[in-house]
Amino acid sequence: MNKKETASRPSPNQVQDTPAETPTPRAGSSPSVKADDASSMLRCYNLPDYRLEHPDFTVRQTTDADEVRYEMLGDISAPPPPIRSSKYLTPDQVIAIYRYMLLNRAMEAALENLYKQGKVVGGVYFGLGQEACSCASAFALRKDEWLGPMIRNQGALLVRGFSPRDVMMQYMAKAGSPTGGKDASSHFGDIRDRNVVAPISTLGDLIPVLAGVALGARLQGRNIAAMTYIGDGGQSTGVTYEGLNFAAVQRLGLVLIVENNLWGYSTPSELQSRLKDLAERAVAYGIPGVIVDGTDACQVYDAAHEACARARRGEGPTLIEAKMMRMKGHAIHDGAHYVPRDLFEYWQQRDPITRLEHFLVNEKGWLQPERNQQLKAEVARQIEEDRDQAVASPMPDPAVTPLQVYCEGCHDIQLKYGTPPQRRTSAGQPETEKGSGNSK
Amino acid sequence: MAPTTYLEAIRQGLWEEMERDARVFCIGEDIGIYGGAFQVTEGFINHFGPQRVIDTPIAESAIVGAAFGAALTGMRPVAEFQFMDFLPCAFNQITNMVAKAHYRWGAPAPLVIRGPSGGGVHGGPFHSQNPEAYFTHTPGLKVVCPATAYDAKGLIKAAIRDPNPVIFFEHKFLYRRIKEELPPEDYLVPLGQARVARSGGDISVITYAAMVHTALEAAEELAKEGIELEVLDLRTLLPLDRQAIADTVKRTNRVIVLHEDVRTGGIAGEIMAVINEEAFEWLDAPVVRLTALDTPVPFSPPLEEHFLPKASDVVREARRLMAY
Amino acid sequence: MPTDVIMPQMGESIVEGTITKWLKKPGEQVQRDEPLFEISTDKVDAEIPAPASGVLKEIKTPEGTTVQVNTVVGLIDEAGAATATAPQPAQNNIQPAPSAPGGKETETPTYLREAPGAAHGGTADEPARGMEAAARSQETVIEFPKGPEEEEDGERVRSSPLVRRLAREHEVDLREVTGTGLGGRVTKDDILRFVEQHPAGVPAIPLPSEPAVGRPAAAAAQAPAYQTGTAAPTMPAAQPAAPRPAGMADEIVPMTPMRKKIAERMVESKRTSAHVHSVYEVDMTRIVKIRERRKDDFERRTGSRLTFMPFFCRAAIHAIRQFPIVNSSVEADNIRYHRNINLGIAVALDWGLIVPVLKNAEEKNFLGLQRGITDLADRARARKLLPDDVAGGTFTLTNPGNYGQMFGLPIILQPQVAILGVGNIKKQTVVLTDENGMDSIAIRSICHISLGYDHRVIDGAIGDQFLREVSDYLQNWNEDLG
């Protein structure tokens, strides 16, 4: 179905509001339904769409003579749009995000080489083409707020304060990795300093957990943003629904970034959902939804910024759909031959780093070419150092295998944000609070 | 002090912990104004406020996941499952997200998942299960099954204070049927320790939860014919008290392992393996296990009665053992 | 030291890869991470970067070849590397980390760090018992008991792990223990009772290698006291007594295991069976004469010496056939009639007593018996008896007459119900009555046989009749010696 290109994307389910409640469209939008439309019994929701282009294409399964394959239908001839200037970021901040993106990509390139040189255990998962989404979104979080990364959000881990060496050691299963070799890839976290929740392999399970983090914070008197991600594939799971619904009904500050990168392993998003825009799911939960261009760091940041602000005001969760494409296979062993080639070409032109570089250097002039080269050299040097250290570090001692299954006094479990409220009724004296809270 | 029921003991324990430690809060379905399907949290919301007694949507994965998330910030959640039969709805969160967190990335998960389990109340297949074996099989969890009011209170308190995730099975048959006088002071029952419910020299009955009472009933009967049962109440299933199991076998040399869970894959097999490892040369007879049948829990009373182990089964097996 | 170039594993289930193209030739410079060769695998084709900078020294795997993953396909010499950095000592070697943070620049992983302010969280419960033990339970070693070979006897008797352990610890031969459990199983109570009451020992007496006839009377004075059925066994004459120097303190000598065993078994047997003894006088003249006549020839022909024992064995076997109760065992309220006659033949040793068993003696003829007896005795003295040789006896013969004793009152070897003692064969004057009723005095070789039997199952009448059968058989011997 062809949709008009509007800045505001109403849901396909359109309801005629009662006359007393005409919807207030967001700036730059226009309602796309008339009062006496045949579908007038349907509700109208506004989902802000920050994109500067609205390509209309779809992927469809088709059968040739002897092959079933995917083909792309639609018009993807338009040139890439410019970066949409951020409402909130200073030039230095944009450059900082850019640097993280460079680091992200260089780290993954090094990982690919390490893998092909036989130094990596297991598989490697790339976020190629998704660096803007990972880095810019995480950039919106405060230090004492929480992140739950998915497998391709390694850039977000860097923003939270982990080093490329940490990630490499994870992949190489080294003793000094954040999990001591107990788990792989980005399955690590930090409850003390960086406030990162480690993912597990099943998808959607971080969502209720990050909602719970926001709950714990609220019980300690703080409204925080708790940010996590889900893919177009992952959002099909039941636990996604349960977690997001719970956050919505409890008004917890969950910032959920739906990374619609068009492919869940080999399954196109068209086979994951009937929706064209996954942001429409926000309607089902009764929460705000917004669409951004996932290859535009500034758009991603702005949406994340606003969602975090909403969270901190206690208004509950936001669903951000970031549109992009996964530019490699599911993992290193997957050549992604099932992706129609023209899609690769289209998204290649929208490479997030190239776009941001162009924006910084050419368009805005915030980054001098020499400084740009310097940045790249610094990044290369850091990766080199981290790589060498990671490669040279030892494998774990088998003796640690049975240890640490249980916490037997090894942790002093501290409150993150402050003392929880006292009990409501005062039958007798109000209790002084137990639990030493650290307000960070 | 009037005797306290098993259910009331749990309520007391939970209340006392919430009073003592502001980090403790309750989360689950219908636990707020309704006070919980079995009324365990009756009165809690009025006293502690809705912030600390949270009614959730019907979303077990979210209940466990959110409890874990809150625990990461330092809180001590107690998540109620309306029936422990619904634990599988959150199986992934429990076994993959929560149980492995400390091992994988050093994040302790000090949460308690509690709720009613067990049969004998004509609850049918989905309200009568003993699902403990799914979880005794998961390193990182602790599994607790109290059999007395005293233990129920002491163990729920200890579970809440434990920095590890504890699955706390409350046997619904015992909720209002057993009661005893409880001491007024703050006391704990340690996790991982079994208790000799009855001493005897002839046969050890190793069991837990409602079956402890079944074993005691059989013991009364057998004492009349000069057979003295020793009843070992395991209280915690994970970790098993290997020492107590070995000790009782060494005292009597004959063992019946008794549980209400189904036979195949039930923890009796594990206990028998422990006996083999710790006390093989103290066995004067093969170890006997008495369990429920390998079927879902049937609904109709005559069927359920046939399904569950009874005191008469214990008596019969004990006599056979003595004649071996 | 050249760096290995290896075939990578491009996926967890991939086991091999094919080199489709080398992008460099030996001798060419190559930078680290520069594409070096191309591969094809089941899942994906890929360009593989060089693991180090230097010169490609050697190509081991030519294009078109398929090799296993992790195979070394080439070598790079790192001399003259163009780029700096990269000390590459440990490639992917598994080096166990020391428990303290090891390796360069590695941090202690989060969970291993000491929590700041180390107070243990305010939790009042103790650390889970057995947590680490459970986690390491694959290291649990089930101790297998060590014991001397004789213990294997116990395996044949139905018991239980507990009973076998107790048997081992108390050095009890389970065959000696009466089982009251299901199917005759030896239960815990059975063995504890046995141990408490000192199990029946081995009332063995020396088996003479020489005929007992004409033993000097002096030896009779040393007849083993246990033959009298007293409860205080003393050492048989064969056992050297400890010298007691005058005027010094009493000496305490610990019992040998065998002595302990004998002591326990003797007393236990007395407590178990209702011992009754009957004695019979047998005129052995006929056999003595046969033996005298035939022994040289017998020895030459068969290689075996001809002793008196097989005569008594044959007679016993014959009598057992008439009175099978004598070849039985008591099991709780049941009597087990043994189908076979396994004759225990008591042997005196320098260091003790033993009763090897001649299995299925009822199937053997005279020669077979003689040979069997000789073999057992020889092996007993040479300490070459197997566990099977001393197990499973159903009836025992003992020869106290070896020392000139007229007859003995032997103790039953549990779980049998009878034992036949053979006394000294001695010339005596006897009164003979001929068919006319005329009396005369004759000199005959007389032997007294004594049957010790268990009155629980064998009444006096049976015992006496059994003895008479034995006696008749001996007195009217007409078997072929083989």
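All chains are identified by letter, namely A, B and C, in their written order; residue positions are counted from 1 within each chain.
Just so it is clear, a residue touches a chain if its C-beta (ideal position, glycine included) is under 8 Å from a C-beta of that chain, and two chains touch if they have at least 3 such contacts.
Because the structure is predicted, anything quoted here is derived from the model rather than measured.
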Whose Cα centre is nearest the centre of all Cα atoms in view? B
Does B-C or A-B have the larger number of C-beta pairs in contact? A-B
Whole-Å gap separating chain A and chain C, where each centre is the average of the chain's CA atoms: 71
Taking each chain's centre as its mean C-alpha position, how far apart are chain B and chain C in Å? 46
Distance between chain A and chain B based on Cα centroids, please, to the nearest Å. 41
The positions of chain C in contact with two or more other chains are 109-112, 121-123, 128, 131, 135
Which residues does chain A have that touch at least 2 chains other than itself? 178-179, 190-191, 404-406, 409, 411, 413, 434
Would you please write down the residue numbers of chain B that are in contact with two or more other chains? 102, 105-107, 139, 142, 163-164
Where on chain B is chain A touching in the complex? 18-23, 25, 46-49, 51-52, 54, 56-57, 59-75, 77, 92-93, 96-97, 100-108, 110, 139-140, 142, 163-164
Under the touch definition given earlier, write down the residues of chain A that touch chain B in their complex. 146, 178-179, 182-183, 187-191, 197-198, 200-202, 205, 207-220, 226, 238-239, 242-243, 245-246, 249-250, 404-407, 409, 411, 413-417, 419-425, 427, 431, 433-435, 437
Can you list the residues on chain C that touch chain B in the complex? 109-112, 121-126, 128-131, 133-135, 137, 140, 142, 145, 160-165, 181-182, 185, 187-188
Chain C contact footprint on chain A (complex, rising order): 110, 113, 115-119, 122-123, 165, 169, 172, 174-180, 190-192, 329, 332-335, 384-385, 388-389, 391-399, 402-406, 408-413, 434
Of chain C, residues touching chain A in the complex: 6-12, 14, 33, 43-51, 69-70, 85-99, 101-112, 115-123, 127-128, 131-132, 135-136
